[in-house]
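In the two complexes below, subunit A is the common chain; its partner is subunit B in one and subunit C in the other.
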Partner chain A sequence: MNVDQLLQHLANTLIMGGTYALLGIGLTLIFGIMRVVNFTHGELYAFGAYGLYFVSVVLGMNFYVSILFAIAGGMVLGALIELVLLRPKRGADIDTTMLLMIGAWIVLQNTEHLAWGSIAKSIPSPFPTEPLVIGPISLSWLRIFVFGVAILLIIATYFLINRTRLGNAMRATFQDTDTAALMGVNIRAIYTMTFALGSGLAAAAGALLGPVFVVTPTMGDLASLKAFAIVILGGLGNITGATIGGFILAFVEEIGAGYISSGYRDAMGFLIIIVVLLFRPTGIFARVERIG
Partner chain B sequence: MTRLTPIIVLLFFASVPWWLTDQYLLHTLITTGIFILAAMSLNLLLGYTGQLSLGHVAFFGIGAYTSALTALGFDVELFGLFRVVHEPWPPVLGLLFGTLVAALCGFVIGKLSFRVRGAYFVIVTISFAEVTRLVSLNWVELTQGPLALPGIPPLTIGFPGLGYMTLWEKTENYYVVLAFIVLAYILIKRLVNSRFGRAMIALKGNESLATSVGIDVTRYLVIAAIVSAGMAGCAGALYAHYIQIIDPMIFMFLNTVTMVIMVITGGKGTLAGPLVGGLIFGLAPVVLRSYVGPEIQWILYGLLMIVVVFVLPQGIVPAIEQWFNRTKAEPLREPSVAGKGERA
Partner chain C sequence: MMSRGLVKKIGVAGALALALGAGAAAADDIAIGVNMPLTGAFAASGTFVADGARIAADEINARGGVLGKKLRLVIEDNKSNPTEAAAVAEKLIVRDKVPVMLGAWGSSLTLAVMPKLMQYKVPMLVETSSSSKITLQGNPYVFRISAPSSLEAENLAKVLDKFNIKKADFLVINNDWGRGSATDFSAMLKKHGVEVGLVEIMDQSAQDMSAQLSKIKASDSDTLFITAAVEQLTLVLKQVEALGLKRQIITTGGSQNPDQLIAQAGKATEGTMHMVFFAPWQPEKSAYPAKSEAFIAAWSKKGFDAAGLTESYRGYDGINVIAAAIEKAGVAEPEAIRKALWEIKAEGLNGPIAFQKAGPEGRESGQSVPATYIGKVVNGKVEVLQ
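Moving on to the complex of A and B:
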């Protein structure tokens, strides 16, 4: 184990952690406010990647504009899912909505299969292939861009939640739905917006990582599971927890893949879940009681 | 329903190999039967205790791999320290070990994951399934990874002194699977109607209340998980010896989804639910595959799942039971108590 290698791993951690945090924040928002375990989250991630592919490669539009389109598309799809599936079942027990979301997950994933075929697609990016070299670390420009955008989106989400009227209403709904409704918060609108926002963040993560890796119809499965791991780590409904959880997951994966075995990279998140539950079943940053 | 219905259904299915000549259909019935067995085990958790386990395919796969490896033998080096060599054993022992190892995993996972409920439980079970999939994919020395484990011998059954029979034919396999389903049915029926079953139903209805009257909730949940996992492992072992080749695809999440769809469509928390749901979804591909590709089939399954949640949230069997009881006993009973007390 040498220092240079470790530094490179840490740099990779930062870059992956940003997008993981986006995924986690989206999922934790939806769970915290709506009490819905969103199994379609990974599909929205895949949708974002395919959205970027469609707009930038098939339609041939500008790369940066395409990312905006992909995020907007994810938000619209999320809002639709909420309106069609979740709104009629508001107040149903958590298992019922979970089954609905699993059904939606299967439909979305196989629609992607049908629409795009199972061959992986790659998205060209406008960045130079020559990496940026800082001392012992080398980073591709694309990854730096991904990191920057992810951090921007995280800050924007914090601002939205903590500094705006909409965020205020969301936090009120999170604390006590009935009281919020009595104070004049339009709960139905908040739910739709929350789901759209969470879905938009997932689509953003997909659009950002799409050009880094390749785009396949099943890419959403692991994304969903990783998002769950991040959210368990941070405590369901805890945005700061999800942000830190995203970076922790990226770190554990990077170190696990680098020093143990790259085949088990994706297993690290699940091991985290198991360890967290063994030693601290309320999550590392938990505020809310989860048992019962 | 009358007491005779299960007997009539059983006789019907016992007669199938006598008149069914289509080998492909018989094959589908066998694999459907194996999945029904797995769905029945899932129903024990999902239907009777109300815990949605989405990692059930892990137990199925663990049973399949354990049984296959017991029968095939293996030679692995653990942590580069010592070697474990195992000579091939008879497949029946594999079936036994597959069941036991899966039950043991059920115990460990139950102990671990019943510390949490609801959403957390679901996520823990999915994670567990994903870890087992990655292990089966990456521990190439033991499982041959994506290259699959071929040449798994079929089961040999028999008793000392009476002679032995190796299950090469489809008909023989069909009867073995049918026998296991009957066994599982009786086991679940007895469990559910025992003190244990009443405790499970109590804790599904109101966990705090169940605890307050002295039911050790976690203990009962862990027992349910052990039985359920063992049964799923047994189904997996049957699958391995019937298909004779297994690969990490067995841990596919879609397999769990298939089981869940079978249970909720048929009726969770009913004895007949997984059988009805299992038959529908086990045989549906036979009809569907001549018209549409697998993607469309899955899209239809997903849509159906959504429709069932909206239209028939209790599933098919309770709906029929309710209708049956209402037409029979309407003048005597209130409709609210007409649904049999089998479910909570």
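Moving on to the complex of A and C:
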């Protein structure tokens, strides 16, 4: 086995894993707390990428500031989706909200088509195109930046969930909605904030990967599929699981394409899911769930 | 003041007149179906081809149309998806009653449409697809003006010495186009004593090719052949640079829009070579310089991106060939147009167009033999090598 090649594959895994984890956390958070299967997740990812394009290329603002605007835009859109579509349907069965979200997904994607056209947009970044070379490994500066920001956002989300009053209320809602409500938690506000947070994370992933790749109206589809894969791997509603799941998916794709067959690169993740669903249907990192 | 009833009557009469007028107009024009990927992975390329087709139709209509009737293009989006491409063909034939079609850009898209052509006996002019399979199926309704990848490989063989290739790897899109190119180019290289190393595949919607490129980086080849459309190719070239992969790069298929690559991938394109079928950088050297220059002028007058010229010429040539066939047929009917296509001798932007028989005897498809060019990016500009 060629060691240099393996090291490059591992470096690629680490870099992609960070953004995959970000995608997975956003989705799993929403499912865990709200029991909503969010089919608009991929569209919020695309929205983040177009948001960055709009602010940094069309309006010509600073690249880093534009990323913040893109994430904020994603959170606002997420909050709107929750307020307009989900709040009136709270208490409806999971199929109803699922259909609603599928509808929203189609509307959002077609709006992107109308607004931006179907031809890919590319977002210039302020980083040099010459890669950073460490021995046998080459990494682009942009991807290193993306990885760093992704890790920062993941840590911030952990902190928010585990160390703040808001996080406490979210976890209480996750464990038992009714009891949390009786203890004075404003469930409606928690739902809106959760959806905004999850959407913001998706938009962040889109804004970070937009300059790495190109921005197209259908970019969310693959991202959405991968996010679902990660969430199933890690266990629905499990944030640690989603983080590790993101890295596992990146690893399996990278090693599968490198050593087995590149034709099945995007299928590798789904093969793993089939195996997980067969042998450990609650996800690799599932904990025992308390039914309230 | 008119009474309400009278206003209503006038309104109804007006509407009726409009409806009748519209009906008369519809019978007075000739509809041509255009089946293109306007969204999805191949959106940029399909849109350029459709724009080229529109320019041709406008020019023909300005000259008075065909058989005294105006041409009307019915352009439908196949979403870069073979299932949709077949559905679009069915819709164009059954609902819009088009007697002939142009399409469907990608090889997998065209192959999906082909059974519909047999079923409804409607001819289709294939403007872009390059899988060798297309004309070997025994489908007598297929007429192709684009180069099959086997022809591209043969043309490269003529100048192979220039590139000094000892061993080559491939990175190709996972469809009939990419896989077909890898097969045809490998066969040609092996015949000329060149070793073929890795053949790596990428999904048509894949954006991250780092894994494939890392594997290629570990090989000892000197040249990398890439087959992909412009969006994906942009990403591949950027990732080649990011991984520090040093190879002579040759891309195939003619859907690279080199100027767009230079604009979007910048320095990463330096030194790369691209096999294209129309060379807008030197129209004076094309088979019919005046035509090429006129098309380039019409394209820029519309305000379209010059980078699209290597793609849009296909739609332009395609509609011109179809119009000539309708003219020759004397009626806008599928079977008459199919027969007339065999007799066409047209002046295309990438050389003379005439169909030769290809495929199983008795059910041959038509294949024209177009020119191919190799453009190399030198100092951010395209130089034509061949």
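One rule holds for everything that comes next: the second predicted complex is superposed on the first by the 286 of 292 C-alpha atoms of A that agree within 3 Å, B and C clash if a C-alpha of one lies under 4 Å from a C-alpha of the other, contacts with A are read in each partner's own complex, and residues count from 1 in each chain.
The definition used in the following text is that a contact is a pair of C-beta atoms (placed from the backbone, for glycine too) under 8 Å apart; a residue touches a chain by one contact, two chains touch by 3 or more.
Not measured: the values here are computed from a predicted model.
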Subunit A superposed: clash or fit between subunit B and subunit C? clash
Touching partner for A:140 - first (subunit B), second (subunit C), both, neither: second
Which superposed partner A:216 touches (first subunit B, second subunit C, both, neither): second
Between subunit B and subunit C, whom does A:263 touch in the aligned arrangement: first, second, both, or neither? both
Touching A:273, do we find subunit B (first), subunit C (second), both, or neither? first
For A:113, select first, second, both or neither according to whether it touches subunit B, subunit C, the two together, or no partner. both
In the superposed arrangement, does A:177 touch subunit B (first), subunit C (second), both or neither? neither
For A:122 in the superposed arrangement: first (subunit B), second (subunit C), both or neither? second
According to the stated criteria, A:100 is in contact with first (subunit B), second (subunit C), both, or neither; which is it? first
Quick one: is A:56 in contact with subunit B, with subunit C, with both, or with neither? Answer first, second, both or neither. neither
Considering each complex separately, which residues of subunit A are in contact with subunit B in the first and with subunit C in the second? 113, 221, 261, 263, 266
Spell out the part of subunit A that touches subunit C in their complex, as residue ranges. 2, 4-5, 8-9, 12, 16, 113, 118-120, 122, 129-131, 133, 138-140, 142-143, 209, 213-214, 216-219, 221-222, 253-259, 261-263, 265-266
Which of the residues in subunit A end up touching subunit B in this complex? 31, 37, 85, 88-89, 94-96, 98-100, 102-107, 109-111, 113-114, 221, 225, 228-229, 232, 236, 261, 263-264, 266-267, 269-271, 273-274, 277-278, 281, 290-292
Help me check something: in the complex, which residues belonging to subunit C touch subunit A? 38-41, 43-44, 47, 174, 200-203, 205-208, 210-212, 214-215, 217-218, 231, 234-235, 238, 241-244, 264, 266-268
With touch defined as at the start, can you tell me which subunit B residues reach subunit A in the complex? 50, 52, 54, 112-113, 115-120, 122-124, 126-128, 130-131, 134-135, 137-138, 207-208, 253-254, 257, 260, 264, 293, 295-296, 298-299, 301-306, 309-310, 313
